[in-house]
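Read the structure below first, then the notes.
To keep things simple, chains are lettered A, B, C and D as they appear, and every chain counts its residues starting from 1.
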Amino acid sequence: MDYTLKEMMTIVAAREIRNNDIVFCGTGISMLAAMAAKNINAPQSVIFFETGAIDSKLEDLPLAVGDSRVMYYSSSNGGLLDSFATMQNRVTAKHIVGILGAAQIDIYGNLNSTVIGDYHEPDVRFSGSGGACDVASFVSRSIIFMKQEKRKFKIQLDYLTSPGYLDGPDGREKAGLPEGGPHRVITDMGIMGFDELSKQMFLKGYYPGIIPDKILENMEFEIDTSRAEEVPAPTSNELELLREKCDPHRLIL
Amino acid sequence: MEINGNKVIDLKDAISTHIKNGCHLSIGGFTINRNPMAAVYEIIRQGIKDIHLYAHSNGQGVDELVGAGSVSCLEIAYGGSGKFASTCIRFRKAVQEKKIKVEDYSNYQMTLRFLAGAMGIPFLPTRSSLGTDIVKIWGFPAEFRQENSRVPDSKLIELDNPFGTWCDTKKVVLVPAINPDVTIIHVQKADFRGNCRIDGLTFADVEQAKAAKILIITCEELVANDDLKNEPDRNQIPFIHASAVIHIPYGAYPTACYRYYDYDPVYLKEYAEKAKNDKQYYLYIKDTILKYLTHKDLLDSIGRERLEMISADKNLGYAKNLDRR
Amino acid sequence: MEINGNKVIDLKDAISTHIKNGCHLSIGGFTINRNPMAAVYEIIRQGIKDIHLYAHSNGQGVDELVGAGSVSCLEIAYGGSGKFASTCIRFRKAVQEKKIKVEDYSNYQMTLRFLAGAMGIPFLPTRSSLGTDIVKIWGFPAEFRQENSRVPDSKLIELDNPFGTWCDTKKVVLVPAINPDVTIIHVQKADFRGNCRIDGLTFADVEQAKAAKILIITCEELVANDDLKNEPDRNQIPFIHASAVIHIPYGAYPTACYRYYDYDPVYLKEYAEKAKNDKQYYLYIKDTILKYLTHKDLLDSIGRERLEMISADKNLGYAKNLDRR
Amino acid sequence: MDYTLKEMMTIVAAREIRNNDIVFCGTGISMLAAMAAKNINAPQSVIFFETGAIDSKLEDLPLAVGDSRVMYYSSSNGGLLDSFATMQNRVTAKHIVGILGAAQIDIYGNLNSTVIGDYHEPDVRFSGSGGACDVASFVSRSIIFMKQEKRKFKIQLDYLTSPGYLDGPDGREKAGLPEGGPHRVITDMGIMGFDELSKQMFLKGYYPGIIPDKILENMEFEIDTSRAEEVPAPTSNELELLREKCDPHRLIL
């Protein structure tokens, strides 16, 4: 069955979500991945927005986390204070998985979504943290969407917006951050994990038709590829549910 | 301020009375929802300049104020409008061209800053952003901070937990309170005294409202005091915080207002298109904002059909079959 | 914990599973309103001892737990039940006879302590109590604090404003977070997953609920999930915080539950009378609490007439012509 | 017209409340005074409870600030966080007058509502601060109800629960408290103010039939009586409104 790279990425992310997870998601593909998980493999997972809505029905795909579509038929409509407190609270945080995106990532999963170039003389300005820094600081694990490009997988970030493991295995602890940190990076070529000991990124899987070297070519830093396996293509069932239930109007896909 | 009087006033008067060149302003809403757009357009019409603006993820309102040249300083967490502009276009341009000073925080930090202002305390603690450039890099130079009594001397301060390792926490980041001169929010219902009822998510509107010295409320419906007192659990902002109440149907247009109307994807897409080009954008300001005397005139130019297109389904709270591609 | 499962359980099981000797417990409600009394009585029936109890101004529930000898440590702002006992009588006796350790805070401080717990941070700042004995005098000795990892090393800490004189503030008091093992609240409506809807004032119930590791909810009505999701703006506590849901009509009796029933002035006056005398009080515990197996049995002994007497007027939310002299 | 001392005290307090005041009140006579002001001399004043209700209709007299009667037909029903933040917030605090009571008071208007005797070996334990310390810390002026007894007007408090002017004119500032402080003390014999410069209590008025010396006899410390005048007795109109509108069932009176 034919599928696009965006569909592949969405489904690979969805597969990482389990029943009993509370899924924090932002706008775009991250929201779609959360919806896909709920419709495909983790029907008991709970979707949760930084704007304060939890367990929204999502009859229609929201185009922003502030979209009125997140407010309909939720379990509770609060505000930003409620949602971020739920992430910072250790009792609830341990159930929360965050889905993020960024302009740059480094080997420890630190993210930049603020500027390219010098902060004070930026070549390109992006939206900034939004809730990303909060999510990355608080939640027990996060999934990061990235485009597989050399300028995006950087040895040195131009600006560290959202903390991964900072400078190594005890980076978060030294800085005073709660436990947790990046769990997966999902690109248009493969999927990365983080080594339990070194907390460095490693290649976990490559998509059908992609070889690990191709992925390495599209990164500034090198990662271990010895544990990589081919990622199964989306099944027809996965694709059907994604296309028909989650984004029938092709707003994101 | 009369705590208890009739606060209903015309938008032009409210803006000219309370929004001055150089004032510190905060606006409510989130990305493409419940931005106080009628007030934003009126600020642009009155040519107010040099605003020090605070928002978390306001989106459309911030971008238009920045684009119109009304803003000199911006403290913000996120300059984006969802699918319509993942980075707000005039905001990006203004920063890249160094037309505005920017200070970056996270969404939670900005919200806590408003909360601290509302609570009457100088700061609040969080564990967010430890180890990041949000702590290390300051947008406003230290000298600017020291010379300007309206901004705190520090962007953020790290503090070792004074209670040892209580709550398994070694360190926190303290975020300084914000007390804007004025906050403007748009709500579904208000009464003449300024009691407010917001339907759906409140975002950080309640904290922004209570942090300000002056609170300007625009509302879809101006209802009787009794209509709100009937269900006090649903009134998030009591009148004691309010200075001005303005009745403006479609006051959040082109952003959404839950249960009343959706965002207008046609407007927002056209806006994003025009925003990419300076000349087009100045024409937009001239022909869409400055040309009209009031928000109602602007809405008339949009036409009844478009407004019907975005009118909210009673049950869902948004426009069911709206074409959003 | 299953975030998402069916959490409905019997009260006896909920208490025996979650409330252990020595556990740190917080109970919701305020003075004579929405105290989780059915749960309080069940704790007394199960003979649980040595509880470390947290409340702000809980009133009746605290006094009965203290009176029954279930409590060894109490952190509190106010031990009173309004007109029925301006100082709770068994609480006063227990403190005067040094049967419990007490730590005194203000209402706002206790509420901020729960909020800090709910927010996952070690402390929050306030300007309340500077210069008072609430800061200077500690009820729990420093050694007790140091030996006991479940209480912070300091009662309160004064901190010079790290942002200079920002917000015209030189100094604040930091209050340490509370994270109880268990919080018990009584609400008007809940569903099987633990979504809660509170009518009327929430007091500090929401913060107490979110600060705890385990949240036990007793409710007047167990309603369908759809009935709550229909109006999400009115649901203050989402199910992700809940561990157990128990359906107990009149679960706050003899305290009030807005829109359902009023406090029972007959019960509360008799209670205050009996509380003054040790022998009478032990008889009260024996004959009114221990004698009955369940809250329903206790209610049956009160009789339908008394419950009708306190039943709430639909419009007002309390019993209109209740004789409260 | 005949009146009780409780009625006199209530009305004397009510007269201190002005239109445009936001009145914080506790249980009992303080609530009754706020209701009396609203029904007699300050119809535009707003009543406000620490439990989170503001501008309640008060069709029936509440017997506690947690009474369901404060929840009916208010402008907003929040919680304790809302009410105390409103008092701590300097914009709203400047409109708020607090009405308090206590077991002991000193010459600077500091209050004890916690213990008589040593804190650790108390002779009598009281309810404790509740919201009193918060109110006394935050609001711009407060009115304090006291019984005129030597053991209650103390040179040295057994425990300082709620701050007045602490140890003198700059006491609050040195301690870091906001401006504000005690404004009036209302007893069953007279009414006291606080000197603008010294911040010490002085006698402002004595009730009909009471002489200033009688008041001094019932205090441990001495206060200036040179500014004292006789306080007018309650008018028949005041008494009628108090009795019929505020407490027809004699729950407090």
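As a working rule, a residue touches a chain if its C-beta (ideal position, glycine included) is under 8 Å from a C-beta of that chain, and two chains touch if they have at least 3 such contacts.
The shown structure was predicted, so the numbers you read here are calculated from the model rather than taken from an experiment.
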Legend entry - Of B-D and C-D, pair with higher C-beta contact tally: C-D
Inset, instruction - Report the chain whose mean Cα position is at the greatest distance from that of chain A. - result: D
Legend entry - chain B and chain C, separation of their C-alpha mean positions in angstrom: 38
Legend entry - Distance from chain D to chain C - Cα centre to Cα centre, in angstrom: 27
Inset, instruction - Indicate the whole-number Å distance between the mean C-alpha point of chain B and the mean C-alpha point of chain D. - result: 40
Inset, instruction - Compute the distance, rounded to whole Å, between the mean C-alpha positions of chain A and chain D. - result: 56
Legend entry - Multi-partner residues of chain B (at least 2 other chains): 120-121, 126-127, 169, 172, 179, 200, 233
Legend entry - Residues of chain D engaged with two or more neighbouring chains: 53, 71, 77, 88, 90, 138, 178
Inset, instruction - Make each chain a node and each touching pair an edge, then name the shape: line, ring, star, complete, other. - result: other
Legend entry - Contact footprint of chain A on chain C as seen in their complex: 2-4, 118-121, 179, 193, 195, 210, 212-213, 228-230, 232-233, 235-241
Legend entry - For the chain A and chain C complex, residues of the former touching the latter: 19-20, 22, 44, 46, 53-55, 57, 71, 73-77, 85-86, 88-93, 95, 138, 178
Legend entry - Residue numbers on chain B that touch chain C, as the complex places them: 116-117, 120-127, 152-154, 157, 159, 161-164, 166-167, 169, 172, 174, 176-177, 179, 199-200, 233-234
Legend entry - In the complex with chain A, residue positions of chain B that touch it: 29-33, 56-57, 59, 76-84, 86-88, 91-92, 95-96, 98, 104-109, 111-112, 115, 126-134, 136-137, 139, 158, 168-172, 200-207, 256, 258, 262-263, 312, 316-318, 320, 324-325
Inset, instruction - Note which residues of chain D are touching chain C in the complex, please. - result: 27-28, 50-53, 59-60, 63-72, 77-81, 84, 88, 90, 114, 119-134, 137-138, 159-163, 166, 171-172, 174-178, 249-252
